[in-house]
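Questions regarding the structure given below will be posed in turn.
Letters A, B and C name the chains as they come in the text, with residue numbers starting at 1 for each one.
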């Protein structure tokens, strides 16, 4: 049947070298000795957007400890002469000559027809900004009095970069102080959520059986509930008599309380997957105690995943706080958060006249975007061995 | 005439680090009506060649040189496939129509959401200009050709309802429906059990004869090559090492690589003491703590070390659900298993997937609880029930009994350095001071032929064989006496497999270890084990010295199993005519006296000295077991 | 299949019970109740004349009973003053603030709530599906980058802020209010073609506002799912059969990616319903949203409780529909395969 019984017998003339071991370049050697965190960092670093988001978030978070110094005014400092003052433009040149950063003074008149204050720039009133200066007084972290600022208005002048609200409070300072609460709400809430998620997900994943299915059902039910109405109902239950600090803590607990199911689910499934990993079994068969297996084999395997998914649930919490405060169900003055500031923008007819009241929208979107990008980058880097 | 002529083919991959040459100046041809085997280890570029022929190369791959000429008949003009647009109409008219392919993984190659009939008939509708009704008819015809038990019903079934063997048959039907001139079979049987592999190989041969087509068979298994190929092409690192007729290559391999490869394949009937020759041999030299510990507990070799008596294990798959889901079905994973491993020997435990061999190993490790029966272990002062061990005793048992895993990739924690990995057992068992531990770890590395400087590296920097050696070193760290090897070489290439097998053999003699070697590969077990136990559907069907069982198999299942193993020897071809399609693994269909029906205990009967077979019909009255068989 | 539907519907019953209990706990969290707070207020001002009447009301609504009893009376598993008369019997409770039965207060808002949510889900499906496919099949093209970017912005902009911004620009440019669900002249009028069209026109803005974030999320998920599927072996099999790319894409990977797509909609529904509540407040839509806010602020507990339960049930039904759809599409679920 074979048409060509003698196929040509070809032999490669080159010799075969079984010990063809490639020599390692220093870079390879470095990679081979890199721990999981190092490889994750290298992987994360390639995700440009995530790195930049991280930098932006760090800048934002600088406002949290140093709000008093960065903000030119105190958040609740009113100025009866400047109600609904429009944003002042930062300028460098006055009549063609360089002056350095300054603003023109504001002149206020009442428009008798509309019964509104109308502001005009006084082109002669040059108010150069002062830097690293002493201005309005504050109590730093509520501990001691101080008046040092990064930037202050000229003596007797004003510096409303983003305008003022109906009581003449500086919107920019409000934003900077607001960051303190708005940005930490997510962190504290996520911490609560992680603790709950680790606990419930952990016992579900580790014990399995009846406990697991009970927790699974609970998670399913909680996840099928619309969050916001629940948040609203729970915050409505916070006593009005509570101080802002307690309300703040209450809100974070509420946010964390409803967020954990997602995290618990992630913990559980990761734990189940890792528990089935052969190296975890190997350790058990070597005689390792369950606690050692959890510490040495399971935890290092999923901390990175937890961090990544946590970073993705922070923005939801920030938005939750904003929504609640916006609806008057969350924080209230004198506490300042971005949601509280937005509360001023509830009446659309006012917003149309004084659009700068919507300013908090901008940092909210930037921070939420940044967290999303950062979370994406972290998640991609979280499993370096894939 | 050649259906396919590959001439100087060169394929590059564009990766992040630059160009990587996957196929380097490869030339060979596939003559009409012949089978050419393309043989190589993983990463040799054989799959890239098949992808090139099918026009299925990934985006980042580039044909940088050479031609792939496809000529269907004497009169047709040859087409250069390499020059065609991969997604163009011309390529599509050839692909699936004139050239068809079968893939390795029948599990993932079929869509779970479409019926088998739909997926097979599709090719006919695409190329043969037929309507849905006709396509269905053709599909039924094809399913009959590939010997589906019930072709009409199979048309409307889904892939997940079929067994692995049937799925691969469906894949073959899909490839055949347009009567292609060339069939590419890319490792078509690697994922299948050996008895099913033999059937699929037979099927490919039959279909090929019936439809007059040429076959390009891509494989790493010389047994398959010897049984299927007319011509052989051996490829290594993208380059052809040797090429010629199967006769010439098996009779007179010329290139060092092929010679080395053939020397590394275990064969039946190797002489006593004959060794495989791995491509990169290592010589273990036990010293230090491993040697020191040995002399102290010198126990009589040959005394029973572990014995399983009437061990039964039932797995119940429970259907989830709060209200309605009740009951489930249970599988008898181990049915009255009796097995004894004596000190200093290596017992091979052989069976196909689902035979219970891994469950048995897990039971010995006390990784699962057994339902009935007892497992006893003799530490030197009388047998102890393993199931009742607690606390310090259990920890001591864990030290004595170690496991080598099948998958060298998942059994090492990727987040630990090799040093931490090898330290771990020492820390768990609180052995020695920090310096002693460090010394032990270095010694272990030398023992398995790895440079102690690698200790600072992470597992991701090692190849499969190196990782498996780390796994072996870890298993030896506590100076154990009994090691369970769970398919330790099934994930490795042939050349590395020989290296690991030799290492295990040498360690056994050097350290006086005892092995229970679980494997589906009879030739491997034949090479390493002195005694052999064959399992099928949770029962031990035959036990005896390896030589007795291999040369004189008694049980119908053992016979079928041995008859299905393709040997890398042209003079010992598979007897395709004698294959009894799947009947051998069905206990109800075994002839008397071997027949097992529900409720009959699988009693072992001693047929010749030390050679037992499961034959309830010979056991006198089937209710009582003969005295413990394997004593 | 029938068995599956039955099972799936039956599992909803305990879920509903847990949710109703949870709801009841939440609305009972604030100190006191509507009436006892009023009594306290009256006592403080020294007016004791109407206290007796309020005390009577308190007993009438069983507010003086223990917690569990109150709950069981509310859902209608325990006899109240007038026998079994709770949610299960079709009595939705009493609104103290409006001094009307809850049914009368929320009744008119319910259909619009359902219509709005259904429209949003439809919007998410219709918009995200083609864009998701486009992005996945033309990965790293300009269109892909563009949609991804817009998607991120959509994801990051909370829907009530989006509503606010839209309101602002609508006011600025057209000088009109986009709030409300119909033109003012139709309010209180019987249904007519004109009224229906007006409702449809007014639905557009809230639907976009509520659906944007969800759509963005869906596009990302569909894109990721589809990219996953595109690299599966069975796609190669289909390609090896000689299928053309578009045909292959539709038949296999798209078909596979459809399942998680539908399952994801189920996961998305809670947040859509959430969004509809707050957006309704911002845009002043006559859905249950603003009523809920009022009820919560005035501690009108039965009204708030009913609305909370209603939105929860709405999400459950949405998830049920998505699960059933999934079963229709996926033979593996239909066949009740264990695993």
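Here, a contact is a pair of C-beta atoms (placed from the backbone, for glycine too) under 8 Å apart; a residue touches a chain by one contact, two chains touch by 3 or more.
Computed from a predicted model, the values in this text were never measured in an experiment.
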Taking each chain's C-alpha mean as its centre, the one farthest from chain A: B
Of A-C and B-C, pair with higher C-beta contact tally: A-C
Interchain centroid distance [CA atoms averaged], chain B/chain C, Å: 53
Chain A-chain C separation of Cα centroids, rounded to whole Å: 26
Residue list for chain B, restricted to those that touch at least two other chains: 322
Touching two or more other chains - residues of chain C: 14
Sequence positions of chain A contacting 2 or more other chains: 217
Partner chain C, residues of chain B touching it in the complex: 54, 56, 87, 89, 92-97, 100-101, 103, 105, 108-114, 119, 122-123, 126-127, 158, 160-161, 171, 174, 317, 319, 321-325, 328
Interfacial residue positions of chain C with respect to chain A in the complex: 14-15, 18-19, 22, 26-27, 29-31, 152-153, 155-158, 160-161, 164-165, 167-168, 171-172, 177, 267, 270-271, 273-275, 277-278, 281, 292-293, 296-297, 299, 304, 307-308, 311-312, 315-316, 319
Complex contact set, residues of chain A against chain C: 217-218, 220-221, 223-230, 232-234, 236-237, 239, 315, 319, 322-323, 326-329, 342, 345, 348-349, 351-352, 355, 358, 361, 364-365, 368-369, 372-373
In the complex with chain B, residue positions of chain A that touch it: 1-12, 14-16, 18-19, 31-36, 213, 217, 277-288, 292, 296-297, 300-301, 385
Chain B-facing residues of chain C, complex: 3, 6-7, 10-11, 14, 232-234, 236-245, 251-252, 255-256, 259, 329-332, 335, 337-338
